[in-house]
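Below you will find the structure I want to go over with you.
Going by the order they are written in, the chains are A, B and C; count residues from 1 in each one.
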């Protein structure tokens, strides 16, 4: 099981920024390429008032802050240079999951999709859309929103690939703003299966790939959940990637690089489940030799040794 | 808007220590100088039992721990070497804001001011006093204490410059020992104005410069609060700097370097408000190329690019 | 007072992993040796389902995860290479202190001790056992468990040295998963003395060395507690080391390197108390020049300067 893609954590909202300029990003794409990554997924183009590019729509409708750099342009250019596929992550208002305004989120993003396609659609690395709204359960109008967003992405762009990356409502589904790392009860396998069977049925024509996050459950539960995820997706004709998180959810310090043995266990579970490939959240903080977290560079080396063993 | 000064976070009490010796501090002053910093402000000369220099008064009256290094001496020497102005930060007992003993804090610091001036007053880099007791509201006898401290500093030292750096009781005024990063309600602009109008009126003859911390409010509120701060200070003949914090208050990990875009927004707001210059808390952890946090070195580079654009 | 030993934090459960391979560990032992460390203590051979070596017993009885690397073998080889004594840390199920099953912990570890001795006992660096179960008070059947474990280690291995490293139930005895760093009340000196007098009396034939952790009390209390610890151990014929923690318990970010002045104060208190030597938890994250935390390398340099002054 190889990691073929990574998220780009811009706009980050909970992981301290590395303050990289174009030079550092260029080098990072090079590091990614060297370990076989061919896909980069912008985690979101905007979060509340913070933007990755100067979006007229968001600056007007959301009173978002003018971004001083156009990261979307830069990422697309670097993707071309390094032969990467770029997936554009939609806007997250931070509202839909607070007050249940799924319709507002959908409408706003439909306009954004048009703006983005108009602005960047001709760039050769633009290969897909990432529907950035995360969920773990059949919450509110999530099906209608996912379907609407995916369909609009496809309608506007000549049916480019669409991706979602939900999480499992497991024992480690804990706010990053809480000190604990786990709770006693997570969602049951049965309930998870019921919810996602229904969600997949409702979005199967709008979403091409699902990459469940693999970090919210115990390591014991990996096989059960990953296999259910794969079977459910297969049943509805959706492709399966695994989003193998490269940060460690078990630590009092939130968001430092994961121990290699844990990542290895998760990759092997994904292999047993028959996943097509892995992507990770995310390379630049947690696996890059130039990360501010030096544990990341060592993780990169451990992963390279693993790749060498696969040969 | 340029950053012309930085705090020196010794004695730190909430940010892990970098364990630098004289060599590293010397290099850091050099890095500061290269980006135009000409003022260093000792955040406090002592905090509870921890001291920056072997103060007889504090070792006797507070049973403070003997410090093995005289950081005040070292900082004064390095300031001379690098052409910096040094501001001496007063002692913080940690008590006045707990049990309201403002008079005790005042009396103790008056004696300290005399000890310090006796010991270091002849050193050429000694250019000012930083009244290190922070506040955000008209709390207890804060006016009397600020006025008393500032007047005594001036009386003893031939009226050297005095500086305070209060904070705004905003939505991000959250203890660093709590996991959250914000709360629902902060102080209203009106209440903030009333409080500080009264405080400034009471301390205007004792305090020369106010440098409000800019990190406790939302980015949306910057213009409103910074402009009020500037107008209030002007009204009372107090000079205005901005204390543009270079750590990120929005992150689950407390006290890592800020994202450059956020710092840039704050500097621009200070410019619009007409602030004289910026200082920051603080260079050595959050902006220095040799910081243990590598994000800081990249922030340094981003800030240098910004300076180049100003030319 | 010199630091002659360090724990090896594998299996770590609360400090993010550095993802080192054999090359980095080899270099780290070299760094240790250069500052006089001659003893390495494996903090635990397993914690819940995570293992340092592929233990048949733990994989069968605890359904522990197969470890991909044999760290015990590697640490023993590196210890030989660098002339270090290796102490093997027992298994911590994570259960005994939750449901009080001290007997189960004892039985399981007895079998483990036999497995380990069979597997690694002939390796020349294997010089002692570390009874990894930590406690601070006379809790449950702690005496019976310590005695049983120590006696079994000795019976199996021709009476190799046994070590425990308890903590003091002081004001900083706070879960690492809580945001606070201290509490109002800790154990009284008198109660601590009563508990440990009884514990030592019950384990004196099974435990050779006690190395109390020195981080859970206030710096003011160091002399009182360290002297009591030394006297109690002397009374029962147990040798005294100090476990001088090299991370800072006073910081909102849990587990970053300690400020040198604090470590120095603790070493000096141990010297005054007459401790035989110091060990630390732990070198590789908090004192190593190659630590991911760059503060650690500076701490290493400060400690080297201190060693130079002792000459």
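Operating definition for what follows: a residue touches a chain if its C-beta (ideal position, glycine included) is under 8 Å from a C-beta of that chain, and two chains touch if they have at least 3 such contacts.
The chain list, named the UniProt way, goes like this: A, B, C = Tat (Twin-arginine translocation) pathway signal sequence.
This is a predicted model, so every value here is computed, not measured.
J.: Under the over-half criterion for shared residue numbers, do copies chain B and chain C use the same patch or different patches to meet?
T.: Answer different: the two copies use largely distinct residue numbers here.
J.: Can you give the rotation angle that fits chain A onto its twin chain B by Cα atoms, in degrees and rounded to the nearest 5?
T.: 120
J.: Round to the nearest whole Å and give the separation of the Cα centres of chain B and chain C.
T.: Result: the chain centres lie 40 Å from each other.
J.: Find every residue in chain A that makes contact with two or more other chains and list them.
T.: Within chain A, the residues that touch at least two other chains are 179, 253, 294.
J.: What residues of chain A sit close enough to touch chain C in their complex?
T.: 179-181, 219-220, 248, 250-253, 256-261, 264-265, 293-295, 298-299, 301-302, 305
J.: So in the complex, which bits of chain C are touching chain A?
T.: Touching chain A: residues 12-21, 24, 49-50, 63, 65, 67-69, 176-179, 253-255, 291-292, 294 of chain C.
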